[in-house]
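Structures are listed in the sections that come next.
Heads up, the next two complexes both have chain A, just with different partners, chain B and then chain C.
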Partner chain A sequence: MSNQNQLVSKVDWITVSLYALFVLAGWMNIYSAVYNPETHLWIFDAKFYDSNAGKQLIWMGTSLILIICIFAIDFRFFEAFAPIIYASFIGLLVLVPFLGVTINGSHSWFKFGTITIQPAEFAKTATALLLAKYINEPQVNLSKWKNQWIAAAIIGLPMILIIASNETGSALVFASFLILLYREGLPGEYPGLFIGSVTIFVSALLLSPWTILATLIVIAGIIIALSPIYVQRLKQTYTKAAFFIVGIMFMVFLVDLAVNKVLKEHQRNRIKVLIDPSFDPRGLGYQVTQSKIAIGSGGFWGKGYLQGTQTKFDFVPEQSTDFIFCTIGEEHGFFGVMVVILLFVAFLWRLMYLADQQRSRFARAYGYGVVGILFFHFLVNIGMTIGLMPIMGIPLPFFSYGGSSLWSFTILLFIFLKLDSHRSDMLSR
Partner chain B sequence: MFEGRRQILLLFFIIIGLVFLGKLFFLQVIDDSYEKAADNNAIRKIIQIPFRGEVYDRHNKLIVYNTPVYDLYITPRKAHVRDTLQFCQLFGITRAYFDSTCKQAKIYSRVKPYLFLKHLSKEDFARVQDAMVDFPGFTFTTTAFRTYQSKAFSNALGYVAEINSNSLQTQKDDYYRQGDYVGVSGIESFYEEDLRGQRGVKYRMVNSNGVEKGDFKEGRLDIQPIAGKNLYTGVDIRLQEYADSLMQHKVGSVVAIEPATGEILTMVSAPSYDPSLLAGRNFSKYYQDLALDPMKPLLNRPPSAYYRPGSTFKLIQALVGLQLGIITPGSVFTHAGAPVKCHSHNTSHNDLHNAIQWSCNPYFYHAFRKILYEDTQGNTYERSAQGLQRWSELVANFGFGRKLGVDLGNEKKGILPNVEYYNKVYKGENTWKFSNIYSLSIGEGELVVNPLKMANVAAIIANRGWYIPPHLVKAIGDNKVVDPFYKTPVSVGIDSKHFGVVIEGMKDAVLHGTVGGDGKIPDIVMCGKTGTSQNAKGEDHSVFIAFAPKDNPKIAIAVFVENAGFGGFAAAPIASLIIEKYLKGKVDRKAVEEKFMNKSYLPNVLSVTGP
Partner chain C sequence: MAKVKRQNIREIITKRFILFFVVVIMLFVILVFNLYKIVFINGDTLRNDVFNTYVKERSVDATRGNIYSDDGSLLATSLPKYRLGLDPSVYNRNATSEQKFKEHIDELANALANFFQDHTAEEYKNKIVSAKKNGKNYLLLNNRLLDFQERKKVAKFPLFNLGEATKTGIVFDKVNVRYAPFGQMAYRTVGYLKDKVAVGIEGSFNAELKGTPGKGLFEKMDKNTWRPVEGGEESVPKPGLDIYTTLDINIQDIVETALMKAMTTYEGDYGVVIVMETATGEIKAISNLSKNANSLTGYSESFNYAIREARDPGSVFKLPSMMAMLEEADLPLDMPVSTGNGKYHHYNGTMSDSHPMGTISVAQVIESSSNVGTMVLMKKVFASKPAKFYDYLKKYHLIESLHFQIQPNPRPNFPVPAKWDAFQLLWSSVGYSTQYSPLQLISFYNAIANNGYWVQPIIVSKATRADEVVIDYRASQVRDQAPLCSPKTLAKIQSMLEGVVTKGTANNIKGTSYGIAGKTGTAQRIINGRYIPGKYYTSFIGYFPVKKPKYTILVSIDNPQGHAEATYARQVTAPVFKEISDNIYLRDMKLHRKLAGTLPDSLNKASLSHTVHPMDQTILYSNFGLPKVEEDGSWLQFKMDKQLVQNTPLSFPAKTVPNVIGMNLRDALFTLENRGLKVKANGLGTVVSQSVPAGSPTRKNLLLQIQLQ
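On to the complex of A and B.
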């Protein structure tokens, strides 16, 4: 009994409350997204459970069971069994092309009766666990090449398997482990390089090579002009600058080449639509355009709960899953989305704070893995609904409809909360 | 180790959050184009066109009403025609029409209905209805056509047609949209705003497939359609039909007015057309034919054709002379000294009564001369100007040279030459005198009228000095609203005592004067005046104005038959038949009736109507 009380007092209730708030708010918005004023069903109606809102209630109930299970398991299990968990999900990912079924054009689902599960969603958790366990090894130093390669392999293996089943969006989520690695000592150049290459990639798409060249020369000129006189006089200063500019321009041409030759037609179009949604307003640009219309029509205070016309009448595709943010934007306006964004950033901050409280490096690393994954979803999901990111089919954690997604985020989060509640039992290293 | 990196990450998250909020603030609060886009997306405005007002005759007989017709719409996504041949046969369309319309519909939208076939009749609709189960994706909507009880009265009634692009662009209140129907001429056009009613608007929410999902804002913004107002005319449709039948094979006009009320009993424009031709799916085809017809069947002549009044004007000449005190009933003028000849009679005692009875040209030549020269000062030029001034002021009271204000859009003013007019024609003041303008004395020269004006002159004489502006519609809507303008008598400024001698002269003109035997009604005292309207384009036009009975007149009439010669020949008998029909309800003079129904003046007619 005392053990139970101890547990209750040790669980971080702020995080749990925010989690519950997100899930409930998500459910209300899913309800609104599928709400039909003409054939209105109530929760006690059996048919209600055919709708997304009804099913989500079931996912929410089962998530609660999952939470109880996670808390019932010994906290040492997660570290100890991380390799086995990782290995089994790798196995599932290998099997999915042979045994899986296709849903919404993605051949990445397992079907058990009426329930469908996407192993890619859970592979993130498994990878986070193994990566954290690896980093917890005393000899691991992320500034060393060898350790960096092993970490990259742990991340890369599931990523490649997921790309193979045509889920590029889910695979890109694994890039978020950069945050974990960065926190655990990966030299700052890596995320810097990552952000730098993304910048070059995007500029190469958005701007003409000549604009980029001109911008680079101007920047180099300014830097040289601001540097001390003696540096300016050195011949190698100019050689270096020229070398950098040529190097970056070479990458720009590589990106152009890659976009036009290597990427598949639909991937290329997704990027083109990001640059110019009017490029195909009825086809690929449709989702972005409709999503922006839905959000933009919300105004400051929104149209009111259940009053949205855009999300309700199917103008926005995938409105209860990947585009749930549109419903929030349309019905609750700028006020609503502001609350969601502020709470989400606060949530991430709370998780980072908790992670830094951990004595065990395993728990801390895992915590940052959770933060990274949640942040990446937040960044890409909201970004794509407002036209700042290309459309990748990844959900908004806790808000979006879907069993696999809610379960996987619940498991991801509550393993960390379980570890956190035992932080005094852990040995610090 | 690396504790500071949490702060860097937090900063990064906050920056991303702020970027999102900035973009969202722009999308949601600053840029309002998304709101409109959302409304366009999800709200469908459905226009409900109410039934157009009906038109009744003076005995509450329905003349014009609406018949529902059915428009066929195709929704390409749902449409499925297994047997195209059967479909084409069912609707009587060609394969080419079917293919091209289907293609256009698909280009328009795969999910929204597209007009496939217009204006199926009730009978066609009933015939195809059962077969439609084989053709999903086709739906009908109901609209209405104007339907006419009678083939007569079409010119004054006007017609309804799709609004043309010019009217669409110049409309004041932005009411009409492309494809809307609008009254184009006649009272359909004049009373358009009463007839059309109030269009309803329904806002329905639609989903992305165009499927309706309920009322927008519970229908609070909807506007209920209000049916158009009915028009109650003063027209006697049976009389109209009768007058129409008399005017067949002729070009001309008949206007009959009830003197006491100004209500137009009949307004015939010949040749005319069957109004139902312009009220069906073949509008454009028939319209083309009618518009190109050299006989101008679409022209409504009574208010808009140009004629000289001819000798009918002598009545006004007499009244003006009497009112000015320049002639008296006893004034006598001989035939001598006049450049105009009298071809009707030879009487030694040529007083006013006689002059009207026999339409004596020299008499009115002398009378007009006296009107210009008596009691005026200066040389003959100056005197002519002073005389014409006082003459034209009185003549204008009869409606000459101005609009009477009939409820038709195409009323023409005509021409009443006055001092200003001749100064312009002769380029300067005091450059013209009586000898230049004496044709006016017998209603020729520059004087231009239309049949409506002359019928009104008959009504003025019947009323002995006043008229109510002639009008077709006497009341509007169920509340029978009346325009006060059509209730207010207008005086012409001639004392009623002067009318006696004129009326007596008109009576004798009919009984034993210029009107021949065919123009006499055995048991009705009709007062009339013949006229022969000269025109540059051929045989004279036959003109006759009259009213009857002499005491307590019930009908005043003007008949113009183009190129039919002397007024007593064609116009007077036709007028007498119409009066007889109206007053007795039947016509006993079957021989006369038959003669004039069959008589054709068409070979004489040149294509253009005008002076």
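On to the complex of A and C.
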């Protein structure tokens, strides 16, 4: 009993409240997105549960059960069983191409009766757990090559499997583990390299490899020319720069190959539309344009709850899943959108703060994993709806409709909150 | 040392924490900035852009009104046709529909390939699968328009038959197609709208027929495909008015048959027939045939000569001259007129008769159609007061435009007296130096038949919506309150016209039981302003029955040349008149014995089997006092047996010759020509035999002969 009370007092209620707020607000928006003034159903109507809003209500109820389960489990379980959890999800990802079904063009779902589950969503949590456990090993030092390779393998394995099941968007989420690794001592060159390669990748879609190469060499030349002023160890710097240029050259052509040979037409187009809106073979810019319209037409205060017309007319496809943000924009306006964004920032800040409070390196690393994943989702999803990012099937955490999505984010978050509630039980290191 | 290092790590970590959070904040600031841009800066532009690109308020065409004949037979109507599309995104909704799609897509592709016969099943499958994959919510499956029967058939295809349309994704977009059940019949008069060209009744009554378009929101689906946004209709289109013409399908049929026969026999350049109901001025039939090498018969309707082609009328114009002279000078019919050697010299011009006639009576001037006689009298009566002649013509409605309902119809070309040259009075009295359209001439002759009372010709009697008459054109029809001439003059004129047939230039058509009166006209053709001998414009204008005229008919054939001896009106146009009047008379005799009804002739013969077009079923049912059955577009075969009417829906398999036995001509033509067959029809009534048996495979341009009885 006292143990229970202790637990209640140790749970971070700020985070839990924000979570509850997000989920409820999300549900109201899903309700609005599918709301039909003519045939509108109330919660007590059995038919209501055929609609997205009804189904989401079921997912929310089951999420509560999940939370209780997580809190019932011993907190040491997550660290101890991380390899097994990871292995089992890798197993599921391997099986999905053979046993899975296709939904919305993505062959990544398991079907149990009427319930469909997307293992890729859960693989993020499993990966975060194993990565945190690995980093927790006393001998691991992320500035060492060997440890970097192992960490990369832990992240890369599920990524490759997810890409294989045609869910490139979900796979990209794994890039957010860079934040975790960076926090835990990965040298700063890596995130820099990552950002650099994304830039090169995008420019490879637009420019010829030679143009990119020329530009890069010019930039490198300027840096090298200026470097003697600031850098003492010239020789080492030149060697590094030479390696760097060769590496870049290799990469540019690799990217060019990847973009023009490996990427499929529709994937290429999605990115091209983003950068060049006039390039629009119908249906690509359509979604984003409609989404922008929905948000833009909301004005400052929005049209009011259930009053959105753009969303009602089904102008925006996927509006209760990936494009739920534009329903908020249309009905609650710039004001509503700002509130959501500020709450998200507060939420991330709180999670980072909590993560830094952890005495166990496992909990802290895991916490940063959670922060990274959620941050990536927020950024990409909102960016997607306003046309800053390519459309790649990334849901808005807690808001978007979908069982797999809500469950996986709930599990991801509450494992951390469970760990956090036991932070005083941990030995500081 | 250790302490320092430890501090370093902490510093680094703190630095990284802050750095990361700064990055987070920066990225969110970028997001917020972009949101701000969308909402406050681009908001309006964006909305407009999309509305212009993807959603548009477009006008929704109203259903065009029908054009009917005087008995309510359809001359032109709009039939609903359907364009088949698919919303493949419905199969992305959940695993069940995904499964269904997988199971049935091959069958569907096969069915589509078999039905349309234009692409392979593989091509259809690929098209659908890729549209589904790309999340499209509209895919045009085929551009061919389906009729209601085909629509029903397509809805039963695999995958489409698994539930309601919203779940199966099947989309039928309705398109109205103009369709003339009688095909070529009165084609040019009924008219058409093609691109920007509008002719005939369709063109002249476009404003009434087209209705008021509605407005609705449309969403762009494809390059050229716009689909209405559900619930987005803003104003409902108001259907167009139905136009009732005065055309009588049976008379039209008689006229076209007779004219076609004459044209193929005499090989004229073009031919015109107008039939006008004497008492009402209503046009009962109008036919224009001109040479067309592409037509099976060598002739087709391509220009409304009856209304638009003004020509030197020739001898038929002697009648208004004679009427004016009789009115002015009260000439006795037996007064002698000297025509001498058949030549009349006036300044440097000479007008001759067909042969020298010597001294003849006034009556014979018309009966034998003497140019010289007319001119001699003309000089005597009007030479001192030529403007008076003009006034008479004005009174006879031969100067101003008829203001006929089909546009354009300019005024006759007859100059005002101030502009006359030395020849105008005498030359125009015999039908030269002036130009009239056939319609202008027949309206004058009609007044003679109508006891001297002139009525404006009309071809459209009313415009209706449902059963309510919205515009009554008869009410605004011009009818003279006073006769054109005195009863005495009229009696003289009428007796002269009878004389033309009994003892004059048209005595080859005398001897009918009902009697014909009329006037021949053989005008020399003018080419480049010069009269060309041997090339004639032949006319016969008259009326029948002679005692109590019911119809006034004009027949004109330009440049008859098929028979060497037959180039005059007497041999060419007078017999056509007789053939038409004989047939109309016979039909009217039959009509008198029949109950008045609105059914087409062919449907009234009891205990015969008939195949009836969906449009006519309504008429048929109401005529038998039966409740109206669901109009689903099936052809029905009726068997009438004393009290019992049985009907069996018929269907004609694709790519085979349909069974048209039992149909009337227009239905048979429609059914056969719709399948690309060429049809040659003989006889009147219902089809009793067809040269290629039903069920045989068709090929394009297959010629099929049908016999009607």
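Odds and ends about this structure:
To be clear about the criterion, the second predicted complex is superposed on the first by the 364 of 429 C-alpha atoms of A that agree within 3 Å, B and C clash if a C-alpha of one lies under 4 Å from a C-alpha of the other, contacts with A are read in each partner's own complex, and residues count from 1 in each chain.
Assume contacts are C-beta pairs under 8 Å (C-beta built on N, C-alpha and C of every residue); 3 or more make two chains touch, one makes a residue touch a chain.
None of the values given here were measured: they were computed from a predicted structure.
On the shared subunit chain A, the superposed partners chain B and chain C overlap sterically. Contacts of A:Gly383 after superposition: both chain B and chain C are touched.
Within the superposed three-chain model, A:Thr239 lies out of touch with both chain B and chain C [touch as defined at top].
In the superposed pair of complexes, A:Thr116 makes contact with chain C only, with no contact to chain B. Contacts of A:Val101 after superposition on the shared chain: chain C is touched, whereas chain B is not. Contact with neither chain B nor chain C is seen for A:Ser197 once the two complexes are overlaid on the shared chain.
In the superposition on chain A, contact of A:Gln357 is made with neither chain B nor chain C. Of the two partner chains, chain B and chain C are each touched by A:Ile295. When both structures are laid over each other on chain A, chain B collides with chain C only at 199-207; the other stretches in 109-117, 199-207 or 253-261 stay clear. According to the touch criterion, the shared surface of chain A, contacted by chain B in one complex and chain C in the other, consists of residues 179, 182-183, 290, 292-293, 295-300, 313, 315, 329, 333-334, 337-338, 341, 344-345, 348-349, 352, 356, 375, 379, 382-383, 386-388.
Contact residues of chain B toward chain A in the complex are 1-3, 5-6, 9-10, 13-14, 16-17, 19-21, 23-25, 27-29, 31, 33-35, 37-39, 41-43, 205-209, 213-214, 216.
Residues of chain C that touch chain A in their complex: 13, 16-17, 20-21, 24-25, 27-28, 30-32, 34-36, 38-40, 42-44, 46-47, 49-50, 53-55, 89, 92, 94-95, 98, 133-137, 222, 229-232.
Within the complex formed with chain B, the residues of chain A that make contact are 36-38, 179, 182-185, 290, 292-300, 309-310, 312-315, 329-330, 333-334, 337-338, 341-342, 344-345, 348-349, 352-353, 356, 371, 375, 378-379, 382-383, 386-388. Residues 101-105, 109, 111, 116, 179, 182-183, 266, 282-283, 286, 289-290, 292-293, 295-300, 313, 315, 317, 329, 333-334, 337-338, 341, 344-345, 348-349, 352, 356, 375, 379, 382-383, 386-388 of chain A are the ones that touch chain C when the two sit in their complex.
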